[in-house]
Amino acid sequence: MKYLNLIPVPNQELAKEISGAMKGAESLGTTLDMAVVDYGPASIEGEYDEALASAAILDTCAKAGQYDGVFINCFGDPGVRAAREFLGVPVFGGFEPPILLALGLADKIGVVTVLKHVVPMIKGNIKKAGWEDRVPSVRVVNIPVLDLDKADSLIDAIAEEAKNAIEQDGVEAIVLGCTGMAGATDKVHAYLSDAGYDVPVVDPTLAAVKLLEVYGALGLKPSRLTYMPIREKERK
Amino acid sequence: MKYLNLIPVPNQELAKEISGAMKGAESLGTTLDMAVVDYGPASIEGEYDEALASAAILDTCAKAGQYDGVFINCFGDPGVRAAREFLGVPVFGGFEPPILLALGLADKIGVVTVLKHVVPMIKGNIKKAGWEDRVPSVRVVNIPVLDLDKADSLIDAIAEEAKNAIEQDGVEAIVLGCTGMAGATDKVHAYLSDAGYDVPVVDPTLAAVKLLEVYGALGLKPSRLTYMPIREKERK
Amino acid sequence: MKYLNLIPVPNQELAKEISGAMKGAESLGTTLDMAVVDYGPASIEGEYDEALASAAILDTCAKAGQYDGVFINCFGDPGVRAAREFLGVPVFGGFEPPILLALGLADKIGVVTVLKHVVPMIKGNIKKAGWEDRVPSVRVVNIPVLDLDKADSLIDAIAEEAKNAIEQDGVEAIVLGCTGMAGATDKVHAYLSDAGYDVPVVDPTLAAVKLLEVYGALGLKPSRLTYMPIREKERK
Amino acid sequence: MKYLNLIPVPNQELAKEISGAMKGAESLGTTLDMAVVDYGPASIEGEYDEALASAAILDTCAKAGQYDGVFINCFGDPGVRAAREFLGVPVFGGFEPPILLALGLADKIGVVTVLKHVVPMIKGNIKKAGWEDRVPSVRVVNIPVLDLDKADSLIDAIAEEAKNAIEQDGVEAIVLGCTGMAGATDKVHAYLSDAGYDVPVVDPTLAAVKLLEVYGALGLKPSRLTYMPIREKERK
Amino acid sequence: MKYLNLIPVPNQELAKEISGAMKGAESLGTTLDMAVVDYGPASIEGEYDEALASAAILDTCAKAGQYDGVFINCFGDPGVRAAREFLGVPVFGGFEPPILLALGLADKIGVVTVLKHVVPMIKGNIKKAGWEDRVPSVRVVNIPVLDLDKADSLIDAIAEEAKNAIEQDGVEAIVLGCTGMAGATDKVHAYLSDAGYDVPVVDPTLAAVKLLEVYGALGLKPSRLTYMPIREKERK
Amino acid sequence: MKYLNLIPVPNQELAKEISGAMKGAESLGTTLDMAVVDYGPASIEGEYDEALASAAILDTCAKAGQYDGVFINCFGDPGVRAAREFLGVPVFGGFEPPILLALGLADKIGVVTVLKHVVPMIKGNIKKAGWEDRVPSVRVVNIPVLDLDKADSLIDAIAEEAKNAIEQDGVEAIVLGCTGMAGATDKVHAYLSDAGYDVPVVDPTLAAVKLLEVYGALGLKPSRLTYMPIREKERK
């Protein structure tokens, strides 16, 4: 099966970094190509950025050719539902997959993400999915997306907010709320275990690749009643 | 006060028609300018069209200059939350205003809109707003947006689905689910009254203009905790 | 259009004060008459007072003559639904209008009201409206209604509880939870802005008058399926 | 223990009838006195009637003397919460008790009541109690309260709507939605059993008396945090 | 009427103790027999124990002969729904009855139970019943079931957590969350009253016996649409 | 990785059949062993059967040795949560996995299962998971589990109920509600496509195996805060 890893910000370096972090995510027999959008905001931190990015994402989808599934590499799920309508194949952003996996492992789930600016967008996605009672907590480390790789104490910051989510918000599993946090799960898990909390920590990127592979293996595609094929019309 | 009526599809004729239908919506002392996007889909009928339209809408907002509020003339609310972040002034699409008015008039509200293609998008907006138990019904007349003005029997089609919503889904007020249905409220109301149902029928366009005027009169602006000011960064 | 400002407690002085505070709320062309009930509790602080007040409110409605809409000047919404059945015209208390306006400005709304005695009544109204996830917080300043005008530090008390609601309950907009708090919005807004929270503060009285005017302008009336006309029978 | 059966409409004949139907509801050792209000609507069929009745109910409570609990004999629960604040002893109307009993017997419960006029009031009570998913159906026999005793086919009408609720709304237990339907449970149960539906049919009056006795036996009283003692003030 | 008090752990001493604590719970005319399971876990503290206990409970039901109702003496409600299917008579564990009684006395209810191990099970039961907004708090005293009788400070521990639930979680009534806490209600109530909180404290055992008696008196049995009669088949 | 396919009914033939149908479900490198319980009901059709089966399932878990994950081969999820507590490794029944996969493909999901007897159990699991608005429909083909393989028209029966769920209940994806329906997905999908409904049809068995493999690949285990390790105690 052949999947597309679509980087929704026009940043070749970030793209390289991310795809490095994803190395090994795919199973034997899976091809995972990368495409980077040509324009749009440098990072997606709010609904303005998300709206700007969506058009570029759909352009890239149109140009990328045929894939068995697409991963839009952003926790905000920009353009995900639009791309399902357009392409008719499985499409995930970073939001749904780790939540879906966490739902099978714990009753209450907490998200730890970057900035307050993205919280209403994420909470909106939680509500739209009908998961507000299963995902009651969204916390931030207060580090912008583009500084994540420079932050000395990123792991500590994530782990501390995860601990706060467990102790103050009652969550029992952690989802990393930014695809730029790739690679942090093991260390965050170790930190929490040391603190007495043996809870799963789920990475959005790995979860997305694995779930796309499952859909591929089972031949499952998005419902055409939810994601109706787009109607022909002028779109200039 | 000075408001912008932003037509989110690149169609000058439709724009003229719509703004004709809105004549008189504004109160004394209100200026209502019109701006039409330069590019994007010819109509918004699904989440793909909505995503495409959003970038053009935000471009137009950026170029339009300073307004006391913006009405994005589409029931799908494309770019509404993004524009609130970007502009910091009241922004409405066609969805929220008529529902807000109907909530003060009835317990259960039904939307009658154009095509099945837009129903998941509208239901998503209902869920995101937390209104699913107050707005349990979304029905369609099965007429595309661009054919609404040519449809001989548009009023009948709307009125019949409104009647079905009352009788089968238990709704007690009707919201017209497309800004292209402007001007239909009185006739639909008369039809339903004749059928024994004295229920309010709310027009999205008029509702939006009136609520923007209220926000203007009371000096109310979007919360900067929900709609945080956009962060400076490269957006090419 | 001609509206009735119905003071639901038999207190002519309070009535004068309130109607002073409302001066200028109405638009050009709006007449806003005042009527004061003849009997009932001196203030409405709980469901016992609300039940006692309702009969007097409906009596006053019956005697007041024909209006295009009625504002029952109390945040507890006493007699509101009953008056809609009885009169068939738009009727608001102080509860619904500011919430409706706040719903268009923020995702999470907090109410700041007078005493713990009224909290279950307000929370009951929130639940009945299906708004519990949008309005998760009701806080009190612990000052009785009849002392509001004597309280030196009313503004501070409201602003502090508003700040607590933002910081501890996650709300992003504030609704003043008593019509006796009229005139406090600007100062509370300034206080919160100074504290770093640029959020709307909505006054129930102004919101109610403005929304009644909107209904008048658009010719909208309560649904007769939700608020059925009262049946003829002996009522002694 | 000594309980008050408070008839909330000024109708001595109806009172006699009802208290006849209740004969034997009380256990050994229980005294069940009756009091009839002096004024108010002849029957309670909507929120206008309910609001009018509440003041008379509270007057009667004040005059009735000390009881271990009060049953306000109406499914609309008029004045129930107010009387809990005022009296501090267990108070039930006809709504909560049969639902509470049915909740222990079935997952989904349907109410069969008199007229469409009372449905929004009952649905409002269901929502306020947070029971909308357990009590998804409220149906009407279309017979006014004061004609219930004259209706030849009352049992059939109730039983048919109960059957419709089972077959069309998926309910699994029936609550009679008017205290004037006292005495119908056995016949309705037999009808439904014959139709293949062995489901409980719960009478509001009997349920209320029995639950008041339970509270009496266990010494349980309303929470003074939900139903705070009324504040001293002028109430003329 | 004749009811069965079924002790779901194979512990004759505990059984004696518990049935001592229940002395006097039954009304005149009620027979309350006791049966103790032969095998299973020594106490039920989690879903593993609950699953193990269920088979023994159903065995004991099968052997016990005919009763008008059964009380399965555990707050976790092990085997309750299964026994309703099997027996067709009213069956309660310790969970539903005190919540049902508390629902008539307060808007928000808190459970105080033994160990963190049982909290997900109890919260699952709350969600399954649709009561999460009425029962928002489950707290623990951190004492295992089998140590409850040895704990010097059990009352204090319960009362303190009850106070925390009131002050921090906003509850207005307390349900004791283990049938092994029998006899604590009065002292906990006194402690809370002294702290200024006049709230009901409900005992699961007494609540269950009283509600079974009510069902017996009214001839009410579980719905056979919710709890369908078991199908004949081999069960070895 | 090594997983256990646990057949929860003591039926070696059924076990062979099922494991035949599962052939090929596992990926390269996955070992899928089978174990069959020694005792319990011949099929699981209701909460009585489920409770009886749970003890046998946990016995079999205890004897089976160490696995990386367990699939309890029944849509009712008997013993699933108990086994997670006991084993600490990923455990799925047939219920959660296909729903989780369907949640990424459609907004509204319908289950088609065997008999009315299992519907309350399945609906209870839906509620416990907080998925009632995403999974609004559970329909039955009215064929007992043990007759599924003999039913000539099983595919037609499933497909027709799936079509009813789409047309009458508004679902947009189908989950097969019994692991005994293995192998039906393609034919049901073809039938629905022919009827104009291009929707995913998800098989519980395949979904479970694939999701267990994902957890294995990512090293994810159940949260020990939701599924706490079982306490040491006598369990005879």
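Letters are used for the chains, namely A, B, C, D, E and F, taken in the order the chains are written, and counting of residues starts over at 1 for each.
Methods note: a contact is a pair of C-beta atoms (placed from the backbone, for glycine too) under 8 Å apart; a residue touches a chain by one contact, two chains touch by 3 or more.
Bear in mind that the values here come from a model prediction, so they are computed numbers and not experimental data.
Trainee: Can you list every chain in contact with both subunit B and subunit E?
Mentor: Correct list: A, C, D, F.
Trainee: Going only through chains that touch each other, how many steps at minimum separate subunit D from subunit E?
Mentor: Minimal hop count between subunit D and subunit E: 1.
Trainee: Given the pairs D-E, C-D or A-B, which one repeats the contacts seen at A-F for over half of the pairs?
Mentor: D-E
Trainee: Taking each chain's centre as the mean of its CA atoms, how far is subunit B from subunit D in angstrom?
Mentor: Roughly 43 Å separates the two chain centres.
Trainee: Two-or-more-chain contact residues of subunit E, please, as numbers and ranges.
Mentor: 107, 120, 124, 127, 130, 133, 226
Trainee: Treating touching as the only link between chains, describe the layout with one word: line, ring, star, complete or other.
Mentor: Contact map by chain: other.
Trainee: In the complex, go through subunit D and note every residue touching subunit F.
Mentor: Contacts found on subunit D: 107, 133.
Trainee: Would you pull the subunit F residues touching subunit A in the complex into a rising list?
Mentor: Within the complex, subunit F touches subunit A at residues 27-28, 90, 92, 96-97, 100-101, 103-108, 129-131, 133-134, 166, 172-173, 197-200, 202-203, 206-207, 210-211, 214-215, 217-218, 220-226.
Trainee: Residue numbers of subunit A touching subunit B in their complex, please.
Mentor: Per the stated touch rule, the residues are 10, 39-43, 45-52, 54-55, 57-58, 79, 81-83, 85-86, 115-117, 120, 124, 127-128, 130, 144, 146, 226-228, 230-231, 233-236.
Trainee: Of all residues in subunit F, which touch subunit D in the complex?
Mentor: Against subunit D, subunit F makes touches at 120, 123-124, 127, 132.
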